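Consider the two complexes below, in which subunit A is the common component and subunit B and subunit C are the respective partners.
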Partner chain A sequence: MNSTAQLPVVRTDNLTLYFPLPKRRGQREAQFVHAVDGVTMSVRAGERLGLVGESGCGKTTLGRLLVRACAPTSGSVLFQGQDVSKLRGQTLRQFRKQVQLIYQDPYDALDPRRTVQACVAEPLEIHKEGTKQERDERVRHILSQVGLVPAETFMQRYPRELSGGQRQRVAIARALVLNPTFVVADEPTSMLDSSVRAGVLRLLADLRTQYSLTLLYITHDLAVARLVCDRIAVMYLGRIVEVGAANQILQQPLHPYTRMLLEAVPKLGRQLPVSRLRQADAIRQAINPQPHCRFLSRCPIADQECHHAQHPPLTAYGGDRAVACYKVAATIDVQSQA
Partner chain B sequence: MNRGRITRKSTKKLHRTSASPMREVWQHIRASKTALFGIGIILLFGFCALIHPLLMHTVWHPRLYDPVTGYDSFSSWYALGIYDAVHPAPPSWYWTPQFLSSWRTGQISLGECLAHIARHPLGTDPIGRDILSQLMYSTRAEFILGLLTAIITVSIGTIVGTAAAYYAGWVDTFFMRLADLLMLFPGIPFLIVLSAMMDLNLVNLAIVLGILSGFGSITIIIKAQALAVKSHAYVEAARLAGGSRLWVVRKHLIPHVLPLSFLYMLFTVTAAIGTEATLSFFGLLNVGCSWGLMIHTMSASGYLASSIRYWWLWLPAGLAITLFCAAFYLIGRSLEQVVHSQRQEG
Partner chain C sequence: MALLELQDLSLHYHTGRGVISAVNQLSLALDAGESLGLVGESGSGKSSIAHAILRLLPAYAQIRQGRIYFAGRNLLDLTEPQMREVRWRQIAMVFQAAMNTLNPMYTVGAQVVETILTHEPNMSSKAARARVEELYALVGLPCTLLRRYPHEYSGGMKQRACIALALACNPQLIIADEPTTALDVIMQARILGELESIRKERGMSVIYISHDMAMMAQVAERIGVMYAGVLVEYGCTIDLLAAPAHPYTAGLLAAVPSMADDVTQLQEIPGEPVDLYAPPAGCRFYPRCSRATAQCKEQAPPLLPCRRNRDGEHKAACWHLL
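Up next is the complex of A and B:
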């Protein structure tokens, strides 16, 4: 990779979003769900970054913050050096044109009253791109690009007449029709049949090379992340606990949580792992969490030190790698001995 | 280029079964007997409204059949030189110049209340005006009033309701409190007072009724629907694609609440006709002729006590009001099923 490809397209600086919970009677302090809690990360130009974590860890919220679907409590998102939350009027429109979100649920992301053509052409109409004929031509082109061929047979149909995979393709076409530079894909395959999933994944990979996209791919599925992504960031309860090249993370996970995630991926001919994740913990702790390490209650390698210290900072471990764990040194030792 | 156009056309034909919303509504109406019945009645009334001016110009002499100024009496028939079983040749004194001049200056009383005869299929009212002609003439006024009120109501309700749902904040609070206020507002007493203060004709009444009901309950109903639509991802997607708030309201919220708006438009017609009938029964409206006014004429002329015997004075008008309202109501009820099934679908 050359140096220009390494420049961050999007950078977040201590990004935080708390959702207030309704105050109950007799409760002294307001409670907050710490959906995203001090995330500092960057997405480099042209890369595919996977954001992995279990349900409720804040990965979708982080993705939504990046495209300015919601405003952060504190911290900032920098898109090509500009603070996203300060954009207004014309600059905001330019930002909207360059940044797109692909939704998780293709059944909800398309207006049921609009034809496929109208759905895909909407961003073009909003930005007043070209004449009616030119817009039609672009819609037809992008529809065939996403594999809906012949495009003419799909243009006049309504979303409900399409299958899940076809709808997701329409949603992808809609996101790409403005030639964006940065796309956040929020688990675009999680609602699809596994038979269709591979096709959509392949499509995303093809389109990325064709349109020189920068892609943030949000998923809970490490297998998918490995297939799609160059780099992976693992998220746990609003914090990023490990970042690194996809291969490295999968072959040599440093954070105990990443290890647990990898163990949880079912494999043929292997017994289910003993230390399975307990879902209830994840959700309970995101409300007014303790200052110590978020992963403490489930961590197999925690000791006294972890109980007294603050949540560990994300520290670099050689090259691309960064991990938020006090015990990483020990982990590395164990792995090198083994 | 040319080839492209041909393929597009042919694919359109290919997917003609692909359900456009309007086609689906039409299919539902065709399947529903109540809706067809309602449409049939409305068409019948529409036909009456259309042929009345034609009849007035061709068959019906305005001297006898004009719904407001025409009347049937000896004098009017003699003036036209027509004699029949009900009106035989006049006595000789009729032709004396003194009598004729007094007739011309309008000093002679008007016509009489006739029951069914050949030239008045529904009889005449207490001053000799043809009931059928009045009935048909009033239809046009009822159409104008009902539809104008409904359009004003629904336009206001749709715009204010969707805006309140999407903009939330003080816009929402203001319009919702206003709706609460107007729902508690006693409409008919207010209109009675208003009729004393200003000249209430049909258009005025439609505007007042439209505003009263437009900012009232319909706003709340439309807002609730718009809130449900707002929660869908495609609304946010439009915003993230760069669409302004106005764009989202115009292109996504309003198209989705329109079926519901249309439904309430039909119910509003019913309410407006009812109110008009009440007000003109009290004789408070400045209308030439209306169904309510016909019943008013009967009660004001002292026929109320013998209403069974003089049934043609009130039954046709009453039946017309009921049928006209029922027609819109039945279509509304039938459409309600379509709208609600679409709502559940997404």
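Up next is the complex of A and C:
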């Protein structure tokens, strides 16, 4: 890999977003959901970084922060070295053109009063790209690339006249039509069947080769992440707990949460037992959390040390991997000494 | 007797550009207590079937022909007030547009209480609130979220809330349209486990609609495969996944990503999806099918039992079965 491929396109520094909860009667302390809590990470030029983690852990919020769809409580996002919160005027316009978000919810992403054609052409119009005819051509082209063919049969339809997966592909087309340099794709193929999804993922791969598109791919589907991503970051309650090369993470997960996640992957052809929900499975929100490791209450390997210390820092373990866990540090040290 | 039986159902959407043939001559039955999985290509008519059953289609949709029997009555003959009795109390749905189901102006808890009280007018509001807390526990949502608004929910939280909403009135049938797209694998297995336990305990029936084959293998007893508005294959889950009979099903299964080390690329079914404004006259899959012959181009294959299956249950619509 050449050296430019290693430069970060996006870097975050101690990025944090707390959502305030309204005060209830008799409550002394203000409460906050720590949706993103001190995330320091980078996305390298041309790479596809997967972001995985359980529901409510903060993936969407982190993605939105990266594209400046919301403002952080503290910390910063640097895009190509510039603090995105400080962008104004022309540089902000450039940023908006180069950076796109594919929304998790295709039912929210599209303006119901606009036709498919208008939805997809809008970014081109805002950025005054090409003539009307050229824009039409680009819209048609990107629609066929996401498998909405013949494109003519979709252009004049409204979002409500589309199936869920078709809407999702219109949202993808809209995000890609400007040939952006950085895309945050939030579960972009969750409603697509395996074959159509393969087509969309191939398109993303082609764009990477052609325009060196950098991708943050938010997903809960580890089988897809394995095939699509160069690196994977695992998030747990607002924090990154493990990050590394995709095959490393999937073959040799180090963090106890990553291991737990991998064990649950269903496999075709083998009927896995579905078990009932246990109390411990309830959704977690980090509301004014304890300073300890966020995973403590569920961790199978936690011990005294974990109960006393702060949340473990994300620490590098050779090569590309970093893990936030005290116990893993211990096991690795033992291994390397042996 | 079947709880739900679709007979020869055809559904069109009349749009400005012409007529979309979204569902074509579909017949399907579901017993009480049974779980059925509907899979298939994006845009193949799965949600349309669900909306037809609940009679929630837009005005420009037309049921060209067919009958939908539920507990012995043809739902297509019912008046709107009669249909309102059926919706939610007898047939509930988790909509694919989970997020659109919820009104942004009210807290989610208030909306679930409201749904219960509308459909169970004899219930006190206190009892309804207790029921909601029970439902939230069932789907693993903390009760503190009851007082929060939809936009404060993550994608997965909304989906769970919608599952709770569907369970609110103890329906006989739940249609769950892509209910777990925003849930991670652990939670998906648990929530589905919960639904499956309820199904078995109460003898409830469930239609799962999903593109996720691995998930279907976990929960569906039988699977129906849709392609371009046509039911192309139907059978017991284990048989169908182990030995698909229709070339489309085989292609779909080959495209499922796997964690196996030797798989490094995603497969695609070659060719383009069907233009539903002008579907092929014969088999709708023929332009993409490697086994296609002149017969396939001219005659639409009927859904018939596969020769090699034991009980006659495994059916496929193809002239040249695999």
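Some notes on this structure:
The working rule: the second predicted complex is superposed on the first by the 288 of 338 C-alpha atoms of A that agree within 3 Å, B and C clash if a C-alpha of one lies under 4 Å from a C-alpha of the other, contacts with A are read in each partner's own complex, and residues count from 1 in each chain.
What we mean here is this: a contact is a pair of C-beta atoms (placed from the backbone, for glycine too) under 8 Å apart; a residue touches a chain by one contact, two chains touch by 3 or more.
Since we're looking at a predicted model, the values are computed, not measured.
Applying the stated contact rule after C-alpha superposition, one finds that A:L237 touches neither subunit B nor subunit C. Once chain A of one complex is fitted onto chain A of the other, the partner contacts of A:L110 are limited to subunit B, with no touch recorded for subunit C. Subunit A is touched at more residues by one of its partners, and among subunit B and subunit C that partner is C. Touch criterion met: A:A264 reaches subunit C, while subunit B stays clear of it.
By the document's definition of touching, of the two partners only subunit C reaches A:S195; subunit B does not. Of the two partner chains placed around the shared chain by superposition, subunit B and subunit C are both touched by A:E161. After overlaying the two complexes on the shared chain, residue contacts for A:H220 are found with subunit C alone; subunit B is out of touch.
Once the two complexes are overlaid on the shared chain, A:K97 sits against subunit B while remaining clear of subunit C. Legend: residue contacts after superposition of the two complexes on their common chain; A:M41 is shown touching neither subunit B nor subunit C. In the superposition on chain A, contact is made by A:E122 with subunit B only, not with subunit C.
In the superposition on chain A, subunit A positions 105, 107-108, 153, 156-157, 160-161 are in contact with subunit B in one complex as well as with subunit C in the other. On subunit A, the positions that touch subunit C within their shared complex are 19, 52-56, 60, 104-105, 107-108, 147, 149-150, 153, 156-157, 160-166, 168-169, 187, 190-199, 201-202, 220-224, 226-227, 250, 260-261, 264-279, 281-285, 287. Here subunit C touches subunit A in the complex through residues 13, 15-17, 39-43, 46-48, 58, 96-97, 99-100, 137-142, 144-145, 152, 154-157, 160, 177-178, 181-194, 196-197, 211, 213-215, 217-219, 238, 241-242, 251-253, 255-259, 263-269, 272-273, 275-277, going by the rule given at the top. Contacts from subunit A toward subunit B in the complex involve residues 67-69, 92-93, 96-97, 100-101, 103, 105, 107-113, 119, 122-123, 126-127, 152-153, 155-158, 160-161, 174, 178. Looking at the complex, you find that subunit B touches subunit A at residues 7-8, 11-12, 14-15, 18-21, 232-234, 236-238, 240-243, 247, 251-252, 255-256, 345-346.
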